[in-house]
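Sending over a structure as structure tokens; questions will come in a sec.
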Amino acid sequence: MKKAISPAAAAELIPEGATLLIGGFMAVGSPIRMIDALVARKIGNLTVVANDTAMPGKGIGKLISAGLVRRVVASHIGLNPETQAKMISGEVEVELVPQGTLVERIRAGGVGLGGILTATGIGTLVAEGKQIVEVDGRPYILEKPIRGDFALVNAQQADYLGNLEYSLTAHNFNPIMALAADTVIAEPHHIVPIGVIPPDGVKTPGVVVDYLLERAA
Amino acid sequence: MAMIEEMPKAVMSPKEVIARRVAREIREGQLVNLGIGLPSMVANFLPPTVHVFFQAENGVIGLGARPPEGMEDPNLTDAGGGFVTAVPGAASIDSAMSFGLIRGGHLDMTVLGGLQVDERGYLANWMVPGKMVPGMGGAMDLVAGAKSVIVAMVHSAKGTAKIVPECTLPLTAVRRITLIVTELAVIEPTDEGLLLRERGPGVSIEEILAATGAKLIVPENVPEMELM
Amino acid sequence: MKKAISPAAAAELIPEGATLLIGGFMAVGSPIRMIDALVARKIGNLTVVANDTAMPGKGIGKLISAGLVRRVVASHIGLNPETQAKMISGEVEVELVPQGTLVERIRAGGVGLGGILTATGIGTLVAEGKQIVEVDGRPYILEKPIRGDFALVNAQQADYLGNLEYSLTAHNFNPIMALAADTVIAEPHHIVPIGVIPPDGVKTPGVVVDYLLERAA
Amino acid sequence: MAMIEEMPKAVMSPKEVIARRVAREIREGQLVNLGIGLPSMVANFLPPTVHVFFQAENGVIGLGARPPEGMEDPNLTDAGGGFVTAVPGAASIDSAMSFGLIRGGHLDMTVLGGLQVDERGYLANWMVPGKMVPGMGGAMDLVAGAKSVIVAMVHSAKGTAKIVPECTLPLTAVRRITLIVTELAVIEPTDEGLLLRERGPGVSIEEILAATGAKLIVPENVPEMELM
């Protein structure tokens, strides 16, 4: 059985300067209540690893607007002019990573691989300063694993054991991030009794989830 | 997916010419990824007899049209964040599976916008240093991994050539793309260079050469493009 | 829409000497009818990549007994004394791969990675002759991707588009192998109309499946 | 999972002593992988108040006991191929997820059999060259990846020591395992060497030393093991 905690209590777990893996794609499938609690708590100096920073005032964009983020690792910031402005001003450090490489680096962190070997980015700015490994005569970039202190994931449904189901395009980075952090906090839309989610429907086994956000008021 | 709208060619916008021409490249049963913006228009011009699967890299195979008013699902959007539907038999995929399919060679075609394409067939489409740094999103994986890469773009940007001898903007990949489709021309990068395949509707070879910064190989016969 | 073909017709697709990825764990979740058709067709010189070779007379064990296999890449052959005897006599070449490495090598082949970096096997026989890559001071074995000419996978249910669902411990290598072969032949227990498997229930998207075995007589 | 059976110690088999002692190491809420054979017996001796999740590496988290006669499901077996059940709240996992959990440090404990363990705490348990080459199955990943590795084995094999100065059989991993549990002793590999922690029921230190091929560090006080 997991403990259901309030967003505020969950935010209390997270210290200044933490590295957060945050699920979502343009705020779809992002842990919205958790983000609001972080904004309310005003813990700063965060590193956020996420596909994107959404838009100002939406999803992860709220953390950027509130000035709580020092570093972003993302594939795309194009729809959030605040992130771009803060990058140019030097307030936020941004590491841009191809989307497939980003999710696979997080997976590597979660499943205990030493890194990934990908042809994506070969011959581009992305390869600069990185080790190139040849396999059977073809070059690949060695991209390092990414892990978080916390993963903040959104799910459609959780059972009392923390088994998670996702819906349609709200899967995105969530099931992968749930494997790659020391502490995993899940924000489900619904919490259901054990057995409601059949074994074959579980996308994230409850054993990797530490906390569930309590139901929305 | 949608009905073919018969329109007089004269009133077609450049983007529509491009989208209608790209639509002709798509084959029955293919898995196709359409970039946001111009490339997404291509879906509107597929004949209803051609069944393809559109992948939205944010998580669905079997992307469908816009949902009916009031039936939008916040958990079902395309890569641009717009509401979409899913066709019967669609599959939800997480980002690791989505890019596994892209990088693993399962994607038959991607249609992307471009800032520059050069004589090697290399594409630059993800940043203008010091000016626009949106990030590459899925573009680098798409260009590196898709079986066929079609660049769909207007031929030049406010008078500046986008088809150039060598890209001056940061590359998206060092892979030679499959085809360039603009409102003026269809151009195929080959071992020998950029081969002019087709002319736009009513466009002369001279007009194409004038608007192109790169050297083009011009065969004797360059037919006018047929549109879907 | 996929074509439903008979096991015999599917076996006809497979030439002598082909490399087959075959799902299953001790014959649980193995494509049994497909295997029987291969035995009936007597195509030899096969390379079989699978978790194990089951037992004599069961699952992949039938291919071994029939003498159709020249090479096996597996994590375990301990419960099939025939495989062991043929390995010792030199009739069958056996490459033993740690189970986690095996499935991840197949995944790398399927998702377009240049190989995997794993600490499993470091300092053991498994590391011999392989490239060691250091990442942040820690050594990892570079293990190469595996792909097959054909993947023969078993599934609980397919729809007419080839979308696949699996059941309980019959998942095992099947969803991974379905990504890593030039031609994918799925043997579902049931074939259902489009829409019966909801999008969130699909574990293998039909776009990667080439053929479905027709329903059992 | 099962009821504790109260049995007089005198009639306990060596394997039962081992399984009952290992059961004491398991903590509430842990994710535990039990190898086939002796290790799988451990589940029988957990008190009903301790809830753990057993992983079968072939594809389920939440492995349960044998199913009722006639209710076996051919799609639900353990890593040895035997019919099992799944507890409420179980999760099906494919092999990539299963070993992702193992290699990624999500598995709290694995209990494995052993052929040899040496003074460095290294385990050999997957082959006897020229004699028995079953393959390592999941053992190498389990030993490399699990947070805690317990080797559960009878102390010696037909008079031949299994706890040795240096493994002569091929290693399973170069990781120092957490604890050795035999019917004679509980031994912890440490920086200084193999530390004798506990004696088996009614077993003297002399008997342990005589059956052990490796050097043991023997503290002043070596209590008799308590069994679950």
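Every chain is named by a letter (A, B, C and D) in the order it is written, and numbering of its residues begins at 1.
Simple rule for what comes next: a residue touches a chain if its C-beta (ideal position, glycine included) is under 8 Å from a C-beta of that chain, and two chains touch if they have at least 3 such contacts.
Note that the structure is a prediction, hence the values are computed from the model and not measured.
**Student:** In terms of CA centroid distance, which chain is the most far removed from subunit C?
**Tutor:** Using the mean of the C-alpha atoms as each chain's centre, the farthest one from subunit C is B.
**Student:** Take the average of all CA coordinates in subunit B, do the same for subunit C, and state the distance between these two points in whole angstrom.
**Tutor:** 35
**Student:** What is the distance, in whole Å, between the centres of subunit B and subunit D, each centre taken as the mean of its C-alpha atoms?
**Tutor:** Going by mean C-alpha positions, subunit B sits 56 Å from subunit D.
**Student:** For subunit A and subunit C, let me know how many angstrom lie between their CA-based centres, rounded off.
**Tutor:** Inter-chain centre distance comes to 32 Å.
**Student:** Which residue numbers or ranges of subunit B touch two or more of the other chains?
**Tutor:** 60, 86, 92-93, 96, 99-100, 102-103, 145
**Student:** In subunit C, what residues contact two or more other chains?
**Tutor:** As it turns out, subunit C has residues touching two or more other chains at 104, 107, 111-113, 118-119, 166-168, 199-200.
**Student:** Return all touching chain pairs.
**Tutor:** A-B, A-C, A-D, B-C, C-D
**Student:** Going by the contact rule at the top, pick out the subunit B residues touching subunit A in the complex.
**Tutor:** It is residues 56-60, 73-77, 79-81, 86, 92-96, 98-100, 102-103, 132-141, 144-145, 170-174 of subunit B that touch subunit A.
**Student:** If you look only at subunit C, which of its residues touch subunit B in the complex?
**Tutor:** 107, 109-113, 159-161, 163, 179-180, 194-195, 199-200, 202, 205-208
**Student:** State the interface residues of subunit D toward subunit A in the complex, per the touch definition above.
**Tutor:** These residues of subunit D touch subunit A: 31, 53, 60-62, 86, 88-93, 96-97, 99-106, 145.
**Student:** Applying the document's contact rule, which stretches of subunit C touch subunit A when the two form their complex?
**Tutor:** Checking each residue of subunit C against subunit A gives 104, 108, 111-119, 133, 135-136, 138, 140, 142, 144, 165-168, 199-201.
**Student:** Which part of subunit A faces subunit B closely enough to touch in the complex?
**Tutor:** Contacts found on subunit A: 25-29, 51-52, 74-79, 84, 87, 94, 96, 98-101, 103-104, 107, 118-126, 156, 166-176, 203.
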